Amino acid sequence: MDKGKRFDTIRARIKENFVLSQDKIYADKNRLDISVSKQRTPAILFFCKEQLGFIHLMHVGIVDWIEDGTLELVFMLWSPTEKLRVYIRTRLNRENPVMENMDMIWPQLNTYEREFKEMYGIDFKGLIAAEEFLLEDWDGPPPMLRDFDTEAYAQEVFHTRPGREDAQDVREAIIKRSQEEIPDFAKKYSRQ
Amino acid sequence: MEILQYIFGGIITFLLAFVVGMTFGGTRRKIIARIQNRYGPPIYQNFIDAFKLFSKTSAVHHGAMHYMGPAFLMVSSVVSLMFIPILRDGGWFPNLNFHGDLIFLLYMMVFGSLGMALGAGQTGNPNSAIGVTRGLAQMVGYEIPWIMALVAMMIQFHTTSITGLMDVQLQSGTWNLFASPFAFVAAILASLGMFRYAPFNIVGAPAELASGPASENGGKYLFTMMSSHSVFAFVKLTLFADLFLGGAGNLVELLIKTFLLYMIPVLYGVVNPRYRTEQAVRWFWGWPTVFGIIAIAYAVWST
Amino acid sequence: MQNDSRSQKIVDIIQAYARRHSLWILAYGTGCGAIEIPSTMTSRYDAERLGVRGAATPRQADVLLITGYLTVKTLKRVIRVYEQMQSPKYVIGFGSCAINGGMYWDSYNTIKMLDQYIPVDVYISGCMPRPEAVLSGFGKLQDLIKAGVADGPKRYEENFDWYRANQKKIIKNWNFADYNW
Amino acid sequence: MNVIFLILILFLVGAIVTAFAGKWSSLLQDGLFILAVTIPAVLFFTQVEMNQLVGWTRGGIHLELGLTPFSYFFAILVLLLGVASAIYSVGFMHGKARKSYYYFNYLLTIMAMLGILFSRDFISFFVFWEIMTWASYLMVVMNGTRTQEIGIKYFVFSAIGAYAMLMAIVLIHAQTGNFLIQDFIDTYPSLAHGRQILIPILLLVGFSVKAAVMPLHVWAPGSYAYSPMSFTSVFSGALSKMGIYGMVIVFVTLLSHLPEGGLIRDIIAWMGAMTAVIATLWAIAQDDARKLLAYSSVGQLGYIVIAVAIGTPMAMLAGLFMAFMHGLFKGALFMVVGAVEKQTGTTDFTKVTGLIRKMPWTFLTALISIIALAGIPPLGGFIGKWMLYESLILSDHYLLVIVAFFSSTAAFLYAYKFLFGFFLGQEEEEWADVKEAPITMLIPMLALAVGSILLGAFPQLILKPINNGLISLGFSDSYGKLWETSTLFNEWGDKVVLQPIIYAIMGVFLTTLAFTYFRNRKRTRYVSTKDISTSGEIPLAHENLTFKENFFQPFLRAVEPVMKKQIDWYYREFGAGLEAIFNFTRRIYSGNGQTYALYAVIFLIVLLLLNGNLFGQ
């Protein structure tokens, strides 16, 4: 069967049961993107796993949309029978990120949740895990949020060896030496 | 006066065993390095290491048995040394009991392992205990061909003393190596396990067990263990030379014989990887034991 | 360490000789520099000819090799390992990460000056230092031992409060036993 | 009244009085109990004369009691362990239920053992033997755990032994007309050949059950493990030696007259050797200290059986010396287990760990006893092992040497497991408050341990009574020749001089210990067992890294083929087979007339077919 048609039937079946805020098929990238509210996420994950055959959780991504004030979780599922992917996106409030614990659906979600908890401060209700995972002895803000200034933190907490103040940007030094221009696309990475 | 003479002689014997054992150890390191296409440390490297360990200025202990473990090891080495005739006619190296009995020696030689095992147990390091269980298992493995070889010799020559066996060789003019060849083979195969070089270095196994029983010992403890191991290596080699190569009339002869014997486990070791414990145990219960049985049969047949 | 009596002086000389020609290293290989150790030890460069040899546990080791960057998490282990070693003990910082943070200079979780936390005798620069540089580092350490200035444990003992304060500053949850001398 | 009667009656009266004294005062009961053991013991060593017979005749049966030098040696063991264990019992039973029951049975057991040693006729021998069996049976089921399985096993095997012995006694009476042991020994050489073989074998079956020789040992591990530990030290240390006592008498006085005696001895020696090997391997696999020691007891009895079965003078000395040593160190070890059980409530190696700093004296006892068990010089265990090997080699039992040596070396494994399991390893929070055992338990333990050391230096202390006993059984005197100067000899003229060895060992040990202890004394600090080099990782308070599970797994993997089936399995299969046969026989009697008619027809046909052969010319 045609790939687009298969995606259509899957989307239709999901839509029969759930209200989707947004959905889109990228047939060329072999994936179906759907966005749902965080309350429906566990149910739709479960539905995809049990009813549609997306039994494999490939990855869980997280994006800090600081401009929108949200954190976006992306659950990437794979169906070994259909050979298709479904991305399920959900957004949490950045100020107070709370979500249900979902590690009963896939046990490996537990690991992701622990990491999100430490690195992004997401509170998964009912998560049973040890206190510390990757960060030991950490009492600062979640370090992976975009408004966390890692350089300032490092300057404050760790001793800095004198002599690094005049450290030059390697790229700039090379360019200066070889009398070239920094290309436009690279300028935004430059220190100046 | 006799006591003083014994003590003095004992100290000289100990020093000889220490120096020879250490030098042999250094030679082994050099040989291994050359086989691996390296330059290798100097032959006297083991002395430097030992002195460095001796001059460490701090140490820890985990309790009374931690002190006693190396002491047990030393007892085993030194008392075995006292029981073995170094040269055929005493001289500067008197024996505590010139009729050194082989069965006594057997037990004295395993005493150290058990004592060290207790010291290692007290440290609470799991690696130590794992190493000990491996070592004891391996010991049960190699003791079987070893006792078979010894029993074969006892049957053949009607004596259980080392000096007795040396006298037999002197009188008959042939070494036991030729008079009871199968016993020699069994004993040499067992000695591969006794020396604990590869492929039987499952006790220390640096990459697996972080040196096993020794893992909590540094400085003075390691110095004691290292000297004791060196002395013990000398004890084993001299014992083999006495039993199978007719002993030695002078020091040069002794050094040549022991060095040749020492090369067997060393050269077997450098070209071998490491066995797993049960493989090692079963290895000893394979061909070495078969040779042991043949040795006993040969001994019964030839008397 | 230096004593007035002449015999003590001879002993000291022999001791220093033994110490610098028998360096048992404990390679704390968390960073990328650990890959340089095998090539240093094996046939091509053969560090064993200088008396450098691997030790299995901290109790047996003389030299602690910090091969690369240290996060807060690994620093905790390094301090513990260092305190478990028996003096005289030496520390070699290995690569630019151990010296000034290297490419992790702005990381929220990587220390930048190793010598703030444990006394370091020799730094080997490079990212990563080649085995030749490592060997020259050992040579430098041998010189320092000969000159009698490689006295890390002594410095650690004298400035213990300062070191401890630095360590405790970044290791908030201090859960191991205090060093007792 | 004769002092022998007095001793036995004192025990009996003591047992009854002690049992009822508990109603008034627990302390009074304890005191009476100790007195009830010590007074007869003192009487025995001061008043009883050698070779003095007391007897009486009732209804044509003459019974005799008396002490021979041979039973005197065993009586030393029984009373030594009996007194030590009695003092220990007071501490051990403190605050436990059914104390009166325990004391009563304990005293009965000691009395019965002494009675066996006093008996000079088969009737009193058998009666005391049964009292011993019953009293110890009651002890085995005392704890009430797994009573069905363990108790019934012990009971069934004891019954088998007792029936065999009873049958032998009946046969003997038919031959000699009275029950006196000496009379039987005198008439034995003139008996018919079939009887000459049958009677010793029946007696040996009876004794082998108590000595736990291989096919009859099945009861022993369970019974040793599940009786109270204070009693097990007597059970394994002394009671099992009654089997050895009987076996030695049979070997020496009866089998030496037989041409087939050598064969029977060799078979029994090999059975002993197999016992030693299999029980040792099973001991290595145990995770419970009680079971480990129980299997180890069976294994050690295996050596003793080897030695007494070989039966050369030296082997006999070796066997009896090992029997005594086994009483000392195994008694002490069971006491150690009891102390640990009392202080922690469990004997499981995987649970208890790191007690060495909590119970140092108990550890010291365990250490000394284990060194003696492993047969390491300079302690007494070595002397027995040395004589065993030398006598085996001198009497041409070469393969037995290998087998015995194998199990002796393998014994190191469980010896280490025992010490490591309880006392070494990382300290556990759960056992942080464990205290040293009470003094009443420590003193007997340490006394037995000191005994092990003493016999290592001065084996003649006990070799002399053994030798006297053997002379009284008809051996030539080997004492004056061999044992005067603490020197071990064999017939080839090889020797080990004990005392210089001991001084050398102590000297080297203390020198090295002083070196490791005093070198850098001020810069040597104590660190807890949590402070270990585990890749820089810090074990938390509740994390215990001690290596306990599957302790000797590699070794057990190597010997796996031998250990696939326990002997129990064969007995169970045998039982199942019997049941199947009975089932089949039951089916024959179907109750159906037609079937019986069929049988009759078949019988007639067979008769007709065989007619020519059966009734023909």
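Labels A, B, C and D are assigned to the chains in the order they are written; within every chain, residues are numbered from 1.
As a working rule, contacts are C-beta pairs under 8 Å (C-beta built on N, C-alpha and C of every residue); 3 or more make two chains touch, one makes a residue touch a chain.
This one's a predicted model, so the numbers in the text were calculated from it and none came from an experiment.
Looking at subunit A and subunit B, the chains that touch each of them are C.
Comparing each chain's Cα centroid with the centroid of every protein Cα atom identifies chain B as the most central.
When chain pairs are compared by their number of contacting C-beta pairs, B-D comes first.
Subunit A and subunit C have Cα centroids lying 40 Å from one another.
The distance from the centre of subunit B to the centre of subunit C, with each centre set as the mean of the Cα atoms, comes to 36 Å. With each centre defined as the average position of its C-alpha atoms, the distance from subunit A to subunit D rounds to 71 Å. Multi-chain contact residues, meaning those touching two or more other chains, occur in subunit D at positions 523, 525, 527-528, 531, 533. Of all residues in subunit C, those touching 2 or more other chains are 57, 59, 76, 84, 87, listed in ascending order. Of all residues in subunit A, none touches two or more other chains. Going by the touch rule set out above, the chain pairs that meet are A-C, B-C, B-D, C-D.
For subunit B in complex with subunit C, the touching residues are 29, 33, 36-42, 45, 48-49, 51-52, 55-60, 204, 206, 210-211, 214-219, 222.
Touching subunit D in their complex are the following residues of subunit C: 28, 57-59, 76-78, 80-81, 84, 87, 175-177, 180-181. Subunit C meets subunit B in the complex at residues 14-15, 17-19, 21-22, 24, 42-43, 46, 48-49, 51, 53-54, 56-57, 59-62, 84-88, 153.
Here subunit C touches subunit A in the complex through residues 72-73, 76, 99-101, 105-113, 116, 166, 169-173, going by the rule given at the top.
Those residues of subunit D that touch subunit C in the shared complex are 523, 525, 527-528, 531, 533, 535-538, 540.
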